[in-house]
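The two complexes that follow have chain A in common; it is paired with chain B in the first and with chain C in the second.
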Partner chain A sequence: MGSRFFQAIGVWPLLAALAILFFLPAAVIIANSVTEPPGAGLSNFRRVLADPTFFRFAMNTVKIAIIVSIFTGVIGYFYAYAMYRAGPALRAFLLTCALLPLWTSLLVRSFAWSVILRDTGIVNWLLISAGVVDHPIGMMRTLFAVTIGMIQILLPFTILPAYTSMRRFDSNLIAAARSLGASPRRAFWQVFFPSTQVGLAAGLVLVFVLSLGYYITPVLLGGPSDQPVAVLITAQITSQLDWGAAGAMSAIVTAAVLLMLAVGWNALKKIFLV
Partner chain B sequence: MIPIVVLLLAPSLVILPLSVSQRQVLAWPPRGFTLDWYFSLFASGRWWDSAIHSVEVAAASTVIAVLLGVPAGVTLGLRSFRFKDVVLAIAVVPLVIPTVVLAIGMYKVYVWLGLYDLLGLAAAHAMIGVPLVVVTTMSAARQLDPVLILASRSLGAGPIRTFFLVILPGVRSGVISGAFFAFASSWDEVIIANFLSSPTYRTIPVQMWAQINQHVDPTVAALASVLFILSMAMMAGLAMASRRAR
Partner chain C sequence: MRLPAAKSIRLSGLVKRYDRTQVLHGVDLDVRAGEFMSMLGPSGSGKTTILKIIAGFEAPDSGMVTIGDRDMVGVAPEHRNIGVVFQNYSLFPHMSVAGNIGFPLRMRGMPKARQRTRIEQALELVALPGYGNRMPNQLSGGQQQRVAIARAIVFEPDILLMDEPLGALDRRLREDMQMEIKALHERLGITIVYVTHDQEEALSMSDRIAVFNRGRVEQTGTPREVYRQPATLFVADFLGDSLHVSAAVQDDRIEVADVVAILQRPPAGHSGRVRLLWRCDEIEIAEPVARPAVSGGRITMPATVLSVAYAGTALRLKVQLASGEIGTVAAPEGGRAETGGRIGLRLDLARATILPDTARRGGSD
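What follows is the complex of A and B.
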């Protein structure tokens, strides 16, 4: 008994700290959904779920998460495949390009996108100089601005897991498939892709889950009709002081995040935790 | 491939030329050359104060994250015990819980515990940084040769001596990466910092967020460039440190 307790003693300080400093705050805010105002019961959930504003913000969140996941998934897998096929020098360059955004501040990158996409930004300057358009196209404060910013910010999260799974792939299998008469395309889709799709899946789960909580990028780049639930939750606290509604919305978003994680746990574990 | 590389690098590359442009507004193309925006940035006491706050918070939270995360990562990497998967899930979940949810919860609980400004931010950011330390330490510990630990124990070293003399040097590269990641994640964090800091204890991201939402001038581009160069330095620092640790 005693030795079994000490077997895992290294994790106890961490668990104790997380319990007080992480789980308690998360639990208190979620508990607020049924305790604020006193005796609220499920009324906050009924109120929030019937609220067209919440519905609109929730739809924005899901729409953005889906668009961003699709683009980062396709582009990230393709990029990882190019890294996998490249020579050492090009591979090192591509890896650096993928890691650099990860290190650059999210706030700095979102701000930079606002500078790139504004009417007097480089994109409109290029389009006007090339004679494609006469007047600047309004790209700021649109869904396009939010999604392109988030795609760039989250792209490393699909590139790196996909690349990890490709590096573990036994390239002899492709040679075997080819020698048995499979075309390069068939060898890719029937041998390479099935063995590396776990990396793609891990990246997609991660991107989807992270985009559900995005706040900074949509506020800086999106218009009033592109804002996600995270913005609505903050507004409940800072302008409405409605802890009950904030708690109910937090509970819904957190449940969605945990559900996605449970679905993707095996893929995430295979890629990140081995 | 080239469009994707452009997409990845665009934000970093566009901001630098604009930070030395003589224009009063952030408009492309840049015109002339001036370092005035940098001078006005570095002459501002407000930015220096927030830089000091950011360094304090990031350093303190990294120390806490390492102290908590390394023993946990080593244990998860080397031992097997009941509920290990559950412990692992608990240890990494702070990375994915929406920051806004966490921020308002911490706002309520931390203030009640008397944790705000430096203490509060260090504790909060340690919770975000610790999963990174756990994961990197754990994967380094998995690669340790278990024979080394057995040898140390059979030669008479106790578990504590073995930890400090055999295991810790063996997982050093993982600890270093984790510490860099934890530092960078605190350095960049806005949302929690916004809720837990008083107006006199703003970190750089909080100050920058306030500035962007009030009035954007090229000084912000100069700051963004400085932050970009610092993050490149951090990335290069990690590459060098982990090469030396190997």
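What follows is the complex of A and C.
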């Protein structure tokens, strides 16, 4: 028994759970796009793609994903660089801080942001107490609230791959660049960054893909004009009972995700599969 | 390609500590312009730290570094004009061979056309013409090291530092590269400081060798001097096989293993307990004897063969004297020495090196 038992069964239970709990339902939802109503064919896709509402929600989704990717990319890369340059104690502290969001529930984190950002929240209380503003700044239900919430939650996904690529960096290369006449700044941009940008790229792909499917954070923090496709899909099912349209939208989002993963596959492979 | 006039290096009183470990205890070293100087020593002896201080990657806690007549304290690495070749090549993986070699030229703002000419010249110098478009990971270890050397000399540095540059190569390739680096040195006339822990490499390549032990220079001299006239037991042991025995000297009288001999030339500056050292090829194997005997300035001592190793042109015998002292002796290939056998060793006092009897032994950290 014991470890030999687990060795023998390997990862199969995990894969089975994933198949039953994830792939199967996802396949059913997507299959709905051509089977609901019976004999639908590609009509659901034609309908959805011609629908200005879908287009608007899709644009919201992409816009938020791009903004979040840019900020998590820049902040995450330099946070990882700070970890790379820090001593062991500070590095452990920074790593813990970076991982903290992953250990807390998504729902709790999104609610926490609403406590911070609402009119009676900490930020407005501080601003009013300091006399910076007279009236609370409306930050809830804005694009700002959605992106800041998502950036905080998604930061680990750029920090960790970037840090991984930095750990693999041969620090002698910086010494070599300096001896060859490069200032610290040029050594960073011409040697360090090009050698570690693969980690940044892998992180950006992850963040972008994850952003495309975000649901809870935009619902809790965003206004009506900041809602992503996921919200529209839910509405199709819960209020319109239009499983066909929901299936077609899901299929389109899934295709976009797979496309992104294919584009970023080289970077992901280098960071996660070596 | 011809480099401008070679520069000398003067290190004086270099002290360096990391946390509580002192790695350099006041190192003084002069490297002459155009000289090939090896820094030889076990790992942890401080030789790589010296290299980093010369290159400007590390600052000494105290002491001076002068290159030519320029004081280098506080000068950033990029302003020192020093070529460095690292053990693991340290080529920029995202740049082609030409990109790597052109890097120092780009940093100096050289016009593109001149860069191209210089890159081609450098590639020819290291026998890799036409390799400019390859990526580093498409090259063998030896080729990568040639590119690293080309990159380190293409900008006409004042001196060239090499940190165990051949350590990662197999023996055959290493020997070829030794010849090439030596030829390059002669052709360019550049001052080279070469760090190695391989005594054969240091002996075969260098104009002079500085032997390091525990953050100090034990001896500086030509390969022949450090090999045949080691200044300390550490140098003697680190640079090859030998046998050394305890002895007592008073004026011209010397007492070894209970026999007394008269030295032809009384040793200057030595009296009391010393060690007499012979290189393994300076000892003659004789018929076994029962006890030590002196005749004509030679001592014959009984010894036991502990092991026999075949070393190509000769045998290497590990022998133990009656006193318990252990050393190494070379024997002709056809000899009939066998493990456990008893032999005599004929030791010529005129060829002995007399060393202070110190228990101090170097070693790795």
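Things to note:
Quick note on the criterion: the second predicted complex is superposed on the first by the 252 of 274 C-alpha atoms of A that agree within 3 Å, B and C clash if a C-alpha of one lies under 4 Å from a C-alpha of the other, contacts with A are read in each partner's own complex, and residues count from 1 in each chain.
Throughout what follows, a residue touches a chain if its C-beta (ideal position, glycine included) is under 8 Å from a C-beta of that chain, and two chains touch if they have at least 3 such contacts.
Quantities reported herein were computed from a predicted structural model and do not represent experimental measurements.
Superposition of the two structures on chain A leaves chain B and chain C fitting side by side, clash-free. The superposition-derived angle at chain A (between chain B and chain C) is 90°, Cα centres, a multiple of 10. By the document's definition of touching, of the two partners only chain B reaches A:T104; chain C does not.
In the superposed pair of complexes, A:S195 makes contact with chain C only, with no contact to chain B. Contacts of A:S179 after superposition on the shared chain: chain C is touched, whereas chain B is not.
When the two complexes are overlaid on their common chain A, residue A:L127 makes contact with neither chain B nor chain C. Residue contacts after overlaying the shared chain place A:D170 against chain C, while chain B stays out of touching range. In the superposition on chain A, contact is made by A:I75 with chain B only, not with chain C. By the touch criterion defined above, A:L220 reaches chain B but does not reach chain C. Ranking chain B and chain C by residues of chain A touched puts B first.
Touch criterion not met for A:V263: it reaches neither chain B nor chain C. Our summary of the superposed model lists a minimum C-alpha distance of 23 Å between chain B and chain C. On chain A, the patch touched by chain B and the patch touched by chain C do not overlap at any residue. Across the interface of their complex, chain B is touched by residues 4, 7-11, 13-15, 17-18, 21-22, 24-30, 32, 75, 78-79, 82, 94, 97-101, 103-109, 111-113, 115-116, 118, 120-122, 125, 148, 151-152, 155, 206, 209-210, 212-213, 215-216, 220, 230, 233-234, 237, 243, 246, 250, 253-254, 257, 261, 265, 269, 272-274 of chain A.
Residues of chain C that touch chain A in their complex: 55-57, 76-78, 80-84, 86, 88, 90, 92-94, 103-104, 107-108, 151-152, 155. Remark: chain A residues 170, 172-173, 175-183, 186, 190-191, 194-195 touch chain C in the complex.
Chain B meets chain A in the complex at residues 1, 4-5, 7-12, 14-15, 18, 25-29, 64, 67-69, 71-72, 74-76, 79, 81, 84, 87-94, 96-102, 104-110, 123-124, 126-127, 130, 134-135, 138-139, 142, 184, 187-188, 190-191, 205, 208-209, 212, 220-221, 224, 227-228, 231-232, 234-235.
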